[in-house]
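Two complexes, one shared chain (chain A), two partners (chain B, chain C).
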Partner chain A sequence: MAMITIAPFLMTILLSVKSSDEVIHDFWAPPEEIRWDFFAQALGFIQHSIFNSAITASVSVILLAFLSSLSGYVFARIQFPGKELIYLLILALMMVPGILTLIPMFLWYKQFPFVGGNDWLGQGGHGFLNTPWVLLVHYIAGGQVLGIILCRTYIENLPQSLFDSARIDGASELQIYRSIALPLCLPVIATVSILSFVGIYNDYMWPLITIDAPNLQTFTLRVTQYSSEHAQEHGPEFASYIIGSIPLIIVFAFGMKYYVNGITKGSIKG
Partner chain B sequence: MSEVTLSNLSKTYPAAGKNPAFQAVKGIDLQIRDREFMVLVGPSGCGKSTTLRMIAGLEEITDGTIAIGETVVNNTLPKDRDIAMVFQNYALYPHMTVYDNMAFGLKLRKYKKDEIKARVGEAASMLGLQDMLDRKPKALSGGQRQRVAVGRAIVRKPKVFLFDEPLSNLDAKMRVSTRAEISKLHKSLDATMIYVTHDQVEAMTMGDRICIMNAGEIMQVDTPLAVYNEPANLFVAGFIGSPPMNLLYGTVAKSGDQLVFQENDGQTAGIQVPLDARLSRLAQKRIGSEIVFGIRPEHIKMLSSPQAAPAASIPAIVDNSEPMGSETFLYLLTGSHKLVARIPPTGRFEPDTATQLAFETEKAHLFDPQSQERITE
Partner chain C sequence: MLACWLPATLAGRSASLLPAKKETIRFATDRTNYKAAFEEIARRYEALHPNVEIELTFTTGNQLATYVRTREAAGLELMPDIYNGNMTKGYDALGKWVALTPYLEQTNPYTGKKFIDSFRELNVYEFDNYGGELYMLPLDLISVGIYYNKDIFEELELREPQSWNELLDTCRAIKAAGYTPFSMPGDFSSIWAGNIGWLVRALNDAYLRDKIPLLAAQPGDWDFDPIAHSDFTYDPANPFFDRQIPLNAERVINGIESGKIDFRSEAFRRIYLRLQELSQFFQKGYIGSDIASAQNAFMRQEAAMMLAGSQFIFTHDQYQKNSAPDRRFKTGVMWLPPIQDDPLVSGPIRGFFNGGTLLSVTKKPDPEHERRVMDFLMFIATPESGQLLHDLTLENGYNLSGPLTIKGVTMLPGLEEQYQAFGGNGVVKLEFRGLFDEQKSVGDFVVHLQDYLGGRTDLDRFLEAYDRSMKEAVLRLRANYQYDLDPTTRDFLPVRERKTDAWNPFDNGLLAIAILLSAYCVFAFANILKAKSEHRPKATIGFMLLTPTILLLLVFNYWPAISSIYFSLTDWSSWRYPNFIGLKNFSRVLQDDQFLFGLLNMLILLIASVIKATVFPFFAAQLLLCVSNTRVQRIFRGILLFPTLVPAIVIVLIWKNLYNPTSGLINQTLVAIGAETFASSWLGEHSLALASIIFMGFPWVGAIGLLIYLASLMNISDDIKDAYALESDSTLARIRNIDIPLVRSETRLLIILAVIGSIQEIQAILLMTGGGPGLSTHVPAYSMYKEAFLYGNFGYGAAIGTVLFLFILCVTLLNLKFLKKSEGYS
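The block that comes next holds the complex of A and B.
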């Protein structure tokens, strides 16, 4: 079974360093000449889009992690009327397949009032379309759902006496969030952040319908254009995929370490 | 001055979902004196924690008032009540070091760094925590965590300390030693302490006074010995003491010109206990009415041989015995009651054998089963 998963990776690596002629001649044979120049070409072609994607994903993740931990805290600790109803609606959001709301979502961002030349009825301009906001706002709003649920559950399961103790120590509700709840939530937040980063970075559909300015293109948009622009050589295309995965690998390496660090915190002396 | 005064204090938890509203504390009055060690004791669910949490300001007061010193604090925030609380599960902040746990409250109160360092250092050396200041709570034993929780309370030098069953997560041996340490701490800190426990041994050994609670009401408030020797009612008599006081239900009867306690209304085979002059005086007006005769296990004596038995001896059957080492608890059956006697460890009694007892009636008590109160002159 593992082979089934690993084979495409190996294929991608092979394809990224072999010329098209060689690939057609014998698919699995080791390359006669490793074409490092493919990587150089690929880099030139996609580096700006990788930067776009990485920045979009990072900014979204930082904000959604912050917002979901704060909302999770509010849902867990603060009583207000209609709380459970609102929470139920948030839960329901998670159940709706994104593809169902794609068109309404698109129209909503396009016709957002007073944005991008729109009047108060959302007419006359392009709204959020073709701006970085269409990605950031969408990802932050959408990605929060899982984060809110996980953070709320986690904070609710912390012992009540922890919060009582902090209140007696003199902490305000905001200080309790910052000094107690937020640090204790970090493992949860790390998990949500990694999942969100990967999801945002890999998203194809949303940027496809909302972005066409070349300087705003995300990695997923850009990389699919390669074959239409360069018909003969496929090597650089596959090299692009590999280069494009590097940010994900970095996030995993860093995030996982943080995650493991989070759960074993305090058990280590010093 | 930091006495704590509870006046007509009530707490009703509002109905939530399927649970109806519930009155956990029913209008209690209690005066805790300056620098007193007051223990609130009672069975689980009797409202001890609720009372303590209201004093701390963690629970809203439904009715009545709480004053600390001269000030009514009903609407004062917990942080402004000049109290500190130690919780059963210690409630240490898991992501902070021992030092930061103790310093947290001081930092929030904007103390100077040097002052914080001095206070934490002082508390740490008082509690033997100097070498653990850099550790996280997870790297500490239960006893050490408990000390950190106490340390966190004392660095603030509050007027009133509140403890909610702080020893119940410790093993038996740690509990005994920590008990003594908290008592010592009380003397050296010279502060008012209110201590909640369900363990009557803790209550007896630690309290200047004990407040015994049951079902949201106060049953008795007095010194440990007074509570033991003069229980105000049947509940206290049955709660304080281990094993507790034997309580026999029966009637006051007249036998010749003497008053006796007759077990079981005289219906089934019951024992008769002649009442001495003091008890007779108490029972005089109750001839023919129901009464409860209370006698502590240590006030029951075994008579060595039936022949040697005086007229006042009481027959019983040995049920079983529990040797404790320094003493033995002997369980005995009379007419319809099971009694326990505390006898020297040398006493050997086979189950199911008949034996003779003597009650030290000068130490016995009479209770009114209707009002549940102890009958006094």
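The block that comes next holds the complex of A and C.
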């Protein structure tokens, strides 16, 4: 099963060093000649955009993971009226099809009052468009939804006794969050971070319509400029997918550290 | 690192904004092959005109329409000034583009000659756009031919067929020798804009040419030019007889409504009989094959003939040059021979010598700006720029789309001659693949034709459905363009400026934010007061801690979502600004056959994705935990998560190749183990396509499910496991009695996420099947995408989206209730 799972990645590597003629002749066969030069070509073309994407995704992920865990903690552990309704309304946001909101979303970021030269009616300027904020704000705000849901579910399943003992000791909610909930929910924060990072990093539609400036281009925007039915060689395109996945691999390796067996076991016993 | 990045990018931005007088020309194209050349041309233009800035945007083909339409919805200002007009066909009639004809007569300041003299033969091919005016400027020409393998033809002692019947005989001989006669793609894009589309259009033109005198502009019509069109005479034997005269839209509509064009008549029957006659010589399962794989089969010499555009010359030449000698072969180019024994055929089958990269200029209110944009367009049409387009494109390893229209470009030796083989067949004029390329009518046609070619419907039922959808298209066109059906008058649409209403929160963002914030504050205070007095501090803290999250969500997520529900109550489209129309869109949704049919597919996909999202990740997580060695466990965990790194587009490409009817690994394996009866056209058969979409991504260990299950299974303390181990040593029993109940809330979450995700998912369908064959993989979310971005009906698309949202909401609420209940029982 592991082999089947990893097959698409191996195929991408294969396609990244295989010339088009060989792909036409046999899509599946290993290359007769390994074309490392595709990698060199791809690297120069996309390195700046990888940097942009990685920074955008990192900043967004740090902030959205923080907000998600805080709100997830509130929803899971503080009881007050109106909470469930708010939670349901947040959950409802996940159910709004993304394509449905694409046009209003674009309009809104462009016509945001007092931003980017806009007047109070949102006219006259470009709003958030063509700035890093159009990506950051969008990803942080939107990414929270899944994050909150995951964090709440996880924190709810932690043993209540942990929180009770802290409350008895007289800790405030913020202290409980910081000293108990936050360390305990590192695995779910890792999950949220990995998923959000991958999602943001691979997003194509939003940067395409909101970013024009070449120095702000993200990885996906750049790599699609490689993909053309008229390209004589498609290897560089696949090579850039491989190079582009390096930040993702780093995030995976880093995030996985928090999946260490028995984080919670120790704390319950102690 | 971050600290230096943000200010730097902000500074970069303000630097581009600060010299406020800089004029921006926005240029968006999907022709990424010309990227290097356009960049260099833009750079040179900016050097000549320091106060102008060219903003270039390159997209993949199917995203350009989404890009343009989103920007159009946000107002004219951000619309690209120049873009590939064929992506939003029909904008000429709507007055959204600049008529280029007057500019063609002006002097091109960069050559000193008339603008039209910058082009070769432009007047011949592209003057019939709308009302005799040019709206789409072709930068290059593309033509279609039948490529044939000369080696196979020589081996079988065949010659280029001279008549349709001889073509069929040739196919028979090739088939008998064990080759595929025609390599043909049959997927969505092949019928929409590619190979089968060409065949249909060519046959349409051959059988319907005698109707052209009836439907073309006539003296007195608004689009009849007494000078340019005076010499028009009907001469079916001359493939260029009608190159100047435009078809008059109202005459065509009158023709359909009066029954002079009858989609169930004998002429139309013959068109589709001929198509079917030829289709028996296509490779097996061709409906599930895309354009690239059909071309590759020809290159591997599995097929003797293939339809392809002139740009294929490059792919072919390169393959011949770089391949091992035993893989090389000679090719020739010919065209479809005339149908001789059919009295309904008016003349030889015509070709597609036509513009490839068609640039349109968006009409914006500022005439100065329009002149500037035209000046840049004239700069692109100079011999120097043309040479750049030719040289830089080839230098960077891309193909030209076709011969450039720009005069004075020195082409690669031999290229000119190769292109010559495509000329002389004329240009198809009258065709009813859709009605005037109205996008929805073409989309509907693809569905019906795939049903017919796939054997789902017979000819009678196909023509009936076709007739119905064309008549619907007539109604839509009459409504959208406000035709009065009098061909002598030009029917202008009323041009309205969109006014912003300060009291409408959908126009006034400040008002919207104020409403949202006060709603939240009122809600928070009401609930704090509602709490018992000893709980009030807790409630206050709760609301306070939630505030940042809720502020962000209200402003940046809720508001766009609420706006789109508002837009679903309007008739907003490419044709008009939003007008409130109540629930009209919703009653239309409930009568939309494609939407209703899609619901069933959606339910099937939904059930499948729930199973895929829970069962498989759960067992994968269990397997991982069974591995006691932590290092091995870590490696396996990495391997299982690795596919998340591969972009969806690559996954789709690989699965498309797996599913390919001839060269796909699945069918090849089946043949190799002697089970060729099971080999099928996985994406091309009505009964299999949906299952194939579901099967994609096997073994479905999604990262999200795996990570969630892993995190919580690790949390089950060893004490519980040890205690259970005393009772029973069966792992399966432990999983059933301990693990599954303990991960119930995770499972519930994953089910909800899977439901939400699967209802919205369109990427796989968009890239794999385009909803086909027929409607067999069509889902409502895909209807929404098509309506909003391909057809330009934003309001109606939003209504479909709103219905989907309500549907998801109901399913989720039921889900929560049902799962809570079952939890209560246990």
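As a working rule, the second predicted complex is superposed on the first by the 215 of 270 C-alpha atoms of A that agree within 3 Å, B and C clash if a C-alpha of one lies under 4 Å from a C-alpha of the other, contacts with A are read in each partner's own complex, and residues count from 1 in each chain.
Following the convention adopted for this analysis, a residue touches a chain if its C-beta (ideal position, glycine included) is under 8 Å from a C-beta of that chain, and two chains touch if they have at least 3 such contacts.
Values in this document were obtained by computation on a predicted structure and should not be read as measured data.
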Residue contacts with chain A in the superposition, chain B compared against chain C:
C
So, A:Pro183: does it touch chain B (first), chain C (second), both, or neither?
first
Where does A:Leu195 make contact in the superposed view: on chain B (first), on chain C (second), on both, or on neither?
second
Figure out whether A:Ile168 sits in contact with chain B (first) or chain C (second), or with both, or with neither.
first
Check the residue A:Gly143 against both partner chains and state whether it touches chain B (first), chain C (second), both, or neither.
neither
Figure out whether A:Pro207 sits in contact with chain B (first) or chain C (second), or with both, or with neither.
neither
Examine A:Thr101 and indicate which partner it touches, taking first as chain B and second as chain C; both and neither are also allowed.
second
Can you pull the chain A residues that chain B and chain C both touch?
265, 268
Quick check on the complex: what are the chain A residues that touch chain C?
1-2, 4-9, 11-12, 19-21, 23-25, 27-28, 55, 58-59, 67-68, 70-71, 73-74, 78-83, 86, 90-108, 110-113, 117, 120-123, 126, 129-132, 137-138, 140-142, 144-146, 148-150, 153-154, 156-158, 173-174, 187-188, 190-191, 194-195, 198, 202, 204-205, 208-209, 212-213, 215-216, 220, 224-233, 238, 241, 245, 248-249, 252-253, 256, 259, 261-265, 268
In the complex, chain A residues that touch chain B
159, 161-162, 164-171, 175, 179-180, 183-184, 265-270
Listed in rising order, chain B residues that touch chain A in their complex are 53, 56-58, 77-79, 83-85, 87-89, 91, 93-95, 104-105, 108-109, 134-139, 152
